[in-house]
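Encoded as structure tokens, here's the structure I'll be asking about.
A, B, C and D are the chain letters, set down in written order, and residue numbers restart from 1 in every chain.
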Amino acid sequence: MSSSTAEESARSEAAMLPSPTPVQLINERGVAVDNDTETAAKYPMPSPEALMRAYDKLVTGRRVNDQAGALVRQGKMAVYPSSHGQEACQVAAALCLDAQDWLFPTYRDTVAVMTRDVDPVEVMVLLRGDWHSGYDPIEHKVATQSTPLATQLLHAVGVAHAAKLKGEDSVVVAMCGDGASSEGDFHEALNFAAVFHVPVVFFVQNNQYAISVPLSHQSVAPSLAHKAIGYGMPGERVDGNDLAGVLSVLGTAVQRARDGGGPTLVEAHTYRMQSHTNADDATRYRTDAEVAEWAPKDPLVRMKKYLTDAAVLTDEAEAAIGDDAERVAATLRDGLNSEVSVDPDDLFKYVYSEPTPQLNEQAAMLRDELSREGE
Amino acid sequence: MSSSTAEESARSEAAMLPSPTPVQLINERGVAVDNDTETAAKYPMPSPEALMRAYDKLVTGRRVNDQAGALVRQGKMAVYPSSHGQEACQVAAALCLDAQDWLFPTYRDTVAVMTRDVDPVEVMVLLRGDWHSGYDPIEHKVATQSTPLATQLLHAVGVAHAAKLKGEDSVVVAMCGDGASSEGDFHEALNFAAVFHVPVVFFVQNNQYAISVPLSHQSVAPSLAHKAIGYGMPGERVDGNDLAGVLSVLGTAVQRARDGGGPTLVEAHTYRMQSHTNADDATRYRTDAEVAEWAPKDPLVRMKKYLTDAAVLTDEAEAAIGDDAERVAATLRDGLNSEVSVDPDDLFKYVYSEPTPQLNEQAAMLRDELSREGE
Amino acid sequence: MTSVADQQTPAQAAAGRVADDDGTTTAAPVTFGKALTAALSDAMDSDEGVVVFGEDVGPLGGVFRITDGLTDRFGEQRCFDTPLAEAGIMGMAVGMAMNGMRPVVEMQFDAFAYPAFEQVVSHVAKMHNRTKGKVKLPIVIRIPYAGGIGGVEHHCDSSESYYVHTPGLTVLAPATVADAYTMLRDAIDSDDPVVFLEPKKMYWSKDAVDLKALETARRDPEVASGIGKAVVAREGTDATLIAYGPSVPTALAAADVAASEGRSLQVVDVRSLVPFDDETVAAAVRTTGRAVVIAEAPGFASVASEIVARVQERCFHSLAAPVRRVVGFDTPFPAPKLEHYYLPSVDRILDAVDDLQWED
Amino acid sequence: MTSVADQQTPAQAAAGRVADDDGTTTAAPVTFGKALTAALSDAMDSDEGVVVFGEDVGPLGGVFRITDGLTDRFGEQRCFDTPLAEAGIMGMAVGMAMNGMRPVVEMQFDAFAYPAFEQVVSHVAKMHNRTKGKVKLPIVIRIPYAGGIGGVEHHCDSSESYYVHTPGLTVLAPATVADAYTMLRDAIDSDDPVVFLEPKKMYWSKDAVDLKALETARRDPEVASGIGKAVVAREGTDATLIAYGPSVPTALAAADVAASEGRSLQVVDVRSLVPFDDETVAAAVRTTGRAVVIAEAPGFASVASEIVARVQERCFHSLAAPVRRVVGFDTPFPAPKLEHYYLPSVDRILDAVDDLQWED
């Protein structure tokens, strides 16, 4: 082979392989990282305003996780998969989007959904058990929180593909976990996105576990971001507890998609600080020591330190941000403490645009039954 | 990041990425390629004996493809997906294996199955329509030729996994096409193989088409072999029309697997010279000019040239090889010209180890029906 | 019987009109396959949001040529090939529908829709319900199904039972050229996801149908969608044969033979498996008091089981004999040389009719 | 009735023996879940080829803790976690079975088995037939299924109808602690692939069963496998309730209430959906002349449809009324707060029984 072909191929490979280590803009001590010029140019530090706005959401996100946990313990909610420790990813996934963009979240991405200004109580409809989903996905351009793993990535590709065909200027962020990256749908979604060259950013929160299964049993690849080259798209990895880093890396990928540059795979290295859900017992499969190692990497602590040191975050601002968080927590408490009534007729109403004769018969039977029971 | 980590990561990346261009040992003009020492060491030229043995099978393979095509035209066989043009891959896939090893072929890999000494007429049972498969997969360690794309790759991983658990010294070669690499099962198979570190060689015959769909609509990755790094295994690409190259690359991968080195992904660049099957019409989606470009790359022509120039292939040997091929073709003709009778009872016999009462009832009904019809 | 006879399809209505206009039916014979192609083409013409995609549906026109010419006519953006991955096709369809399009996807063969099963069951079927109708998924899933073409394994499954059992899916199984056209148009017009089952052995069957007239007839707001409507395909008084898709011609042939033997068999073409037309089916069976359900799929827990269950629930006191089934054996679909043993045949249907306790 | 009463399960036989030995049943209460764990453990003990794998089945012991302790006891090679991919799990099981092992795989929840559907339908079910028995696939697919635990969407599907309709699969649905043990052992011993359905709401239900005695009883060659055998779970004379899995306790409770109201209801626990025990079921219905089939799955084209169809085919002249169904609505499984409207209840069963035309 000619050396120019070899060089070209090496260059295109390099463009798709992730950085040798996860991108980081602010380190664990809350200090800005002195990145090389190339990295700094590709992943610029967000503006102080952007960071402050994001920090506000970060604090609210943590508060939502805590509040939801409490509501589960009080029996107001059936189950809550907490994103405690992953809030930087949650917040950035929503904030990197414009109004015309779409978000495809999973069951764990409640905070991301709320960060996109979906009503917190509507979000909780699913976890309270009133219905399978509570908000309007079309209005908010936020898909239902997906439970069947990785399936939503294909929906995201479809939305992006339709947007492209219709000439819309929308970008789609599709979220999933490290475990979900093993599913066939992950593969098909990334490949479709690359082949159709559609504006999707795949955002994998690698929180090191799929319920009890550690990453090492999920993949032996150098990183999950190394999967990207196999589809012909760039892959990048970022410190998922560094809000500035995640904002920047996602921002760059979203901009690239918006500019017609096609899809990107972003892997955030983070950690699920709590059990998979309240129904899980993480002590069965990991040590407290391991969890403790991640505590100092907390996304809030480091962001607070950085913003305080930069004199952007004042005591006053911090108080206001705390108030914001408390307001959301209060909304959640109020919403979940008030009883909602469910309507048995709803069982039949939405299966099709119009109920079939069979469903009408079944609805009538149930109504008759309930009327005889005096319900 | 420290420069040593960066170097290490670059080294491990380099070990998993394929060569910048497909490996080739004998070029299109039948001349040995002067590879760099690293490549030459990794992929040595097979011995003249090995090449002669393989060439014999190559000639037979081509003859089988031609004969099968004729039998289809004569109505003796329902359908035949020809591997004309891909015989180097077919032959190498079988010859790289030892007796204790397994082969997982697809519908197109009839020649590979025969090269592993499965009776040609038994192989054709499927395509003649007598039954869904005609040979004993356990006896030959050759799985049934898989129709549902990519599904067999997982079976291959399972066989290898069991072999590893039982301490067997077996390697599994699992075949699929370029199109099949888009299926979710491809992804899951490669990932399982890597995570469980089992002795499988995934062998993708990239013949540029999935029925009518060209590779460019299937993948925009630098190559299919670039998918390997996303699973943490080495990927390699080879000129699939270069029998010596395929033998060598597969041989190296099989040896690596046998030595406990885990799985490898090998992509062979080749071309489907004929329509997908006799039922297909390739002129609807590709030009004659494109096909013509591949004609001079034919695996037989170049191998014959090389072996003749090396004075290994004499006229006498060539004649003997031709006789071998004719013998197989005659076996096929005889086998397919003799009528086989099918037994309606077979419909019910093999659904379970023992027919259920329901199946016995149904079999009795059919027997009764047939006896009344005087069949 | 009028209530049954009144259930006309738009197809029948249109065909009638054509015949009325000039006294005779002058339409040229058209194949089932070409009627489908015309339906796709007309639907793409009438609604920009309709997009067609799948494996080999572009330049090749599909392995059965049903999408023949669509890429030429509407461009690569409206009819295109995808990478080879059925879950991918189905999942992408979900997203495109969420974003306002009306995807019509082709699964190349019945058994090759199985990789998409999770997408179909967990999303396509459930999204409308999950979102209380806020997200509509007007997706049509075209599936060439069933046997009779000597296909190899995995190419002949009758997979309808998997879909009809999944709430949220509309499942259509046309059996005539006219229905191929109108029901595919109905399916594309539906705001609900539709599994559209095409009996592959009938792709080449012909009927004198004026597709233009059908197209015009559909615009008449009086002509309702065929979804949810069975039809009496042949009148008869002694027993009712209930069939759909590839079994309808077999049932009609059996009725022909029976007629020559002095027995009058009614044939109901179910057409719409979900929603099911209980009214037409039950009314038909009540007139004869005897019924045989015919289907190619393995009988166990199938559409045929459901029809038997529904008929006995609704017509119990009209029944002179148990409802019989002539269905596929509970075996995998056999290899080509054995399929004639497997498929419901005229003789097997007549045997079942003979068994309907006429002496009682 | 003797023919019906004779159909004893090995479990009953064993339980009987325990009771006989010391006059009373002294076994400590054991949960359905623990009986399953014991079955896995005993099977792994008795056959080295038995391997257990799936998602979270290793150190965690499965989300329902059914595989609790197996990795500790048998090592990571015998009970292990896989990457998160159900088709992967199923496809790997096929290969391991081809190479001489007996894989027992866990699908974490019903709806999460759908990604493996193609592997199940196109390979697991068909390999034995495809190879004329040369390749056997002794695979057990454990699926926690059905509702009653207030689970969110995708965690409560009753997916049995998909599997029973697929020839080549044995489908078991135990409803008692003793059957949980013996039928899982039967499943693992079977040379055919078995879909083993575990009603998740019953994991914590207890019964005084001596698992050791069951283990011993199984070694008696006289005690046959429970596969293909229904049992009469309660004698009764007025009507027959036919149920399986999670509906069996509901049916028994309904029979209790009916008894207090003076109506004697017989309850048949189907247990083995495929193969189906026509003999026991038909014999039972013939004794009462009335039947109600109970199941949680949506009714359309379901196991319940099949049972209705079979019963009317076999017992037509013994039936005083149409066979009724009390089944899931034809809707997706509802959110937790609505599931009590959906699930077959004692009242709904009694309503159906009232409807069996007692006046006729």
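Operating definition for what follows: a residue touches a chain if its C-beta (ideal position, glycine included) is under 8 Å from a C-beta of that chain, and two chains touch if they have at least 3 such contacts.
Since the structure is predicted, the reported quantities are computational estimates derived from the model, not experimental observations.
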{"item": "Which of B-D and A-D has more C-beta contact pairs", "value": "B-D"}
{"item": "Far-end chain from chain C, centres as C-alpha averages", "value": "A"}
{"item": "Gap in Å, rounded to a whole number, between the CA centres of chain B and chain A", "value": "42"}
{"item": "Inter-chain centre distance, chain C versus chain D - centres from mean C-alpha coordinates, in Å", "value": "34"}
{"item": "Shared-contact residues (touching 2 or more other chains) in chain D", "value": "82-83, 85, 87-88, 111, 114-115, 118, 122, 126, 129-130, 153-154, 167-168, 274, 276, 300, 329-332"}
{"item": "Residues of chain A touching at least two other chains", "value": "131-132, 148, 182-185, 187-188, 191, 195, 217-219, 346, 351, 356, 358"}
{"item": "Interfacial residue positions of chain C with respect to chain A in the complex", "value": "51, 77, 82-83, 85, 87-88, 90-101, 103, 115, 118-119, 122-123, 126-136, 167-168, 170, 190-192, 228, 274-276, 278-279"}
{"item": "Chain D partner contacts - residues on chain B that touch it in the complex", "value": "102, 131-133, 136-139, 143-144, 148, 151, 153-163, 165-166, 184-185, 187-189, 191-192, 195, 346, 349-353, 356-358"}
{"item": "Residue ranges of chain B in contact with chain C within the complex", "value": "78-79, 126-132, 147-149, 179-180, 182-185, 210-213, 217-219, 279-280, 284-285, 342, 344, 346-348, 351, 356, 358-359, 362, 366, 369-370, 373"}
{"item": "Contacting residues of chain D [partner chain C, same complex]", "value": "87, 111, 114-115, 117-118, 121-122, 125-126, 129-130, 153-154, 161-162, 164-168, 274, 276, 297-298, 300-306, 308-309, 312-314, 316, 319, 321-325, 329-332"}
{"item": "Chain B partner contacts - residues on chain A that touch it in the complex", "value": "1, 5-6, 9-10, 12-13, 16-17, 20-21, 182-188, 191, 194-195, 197, 217-222, 226-232"}
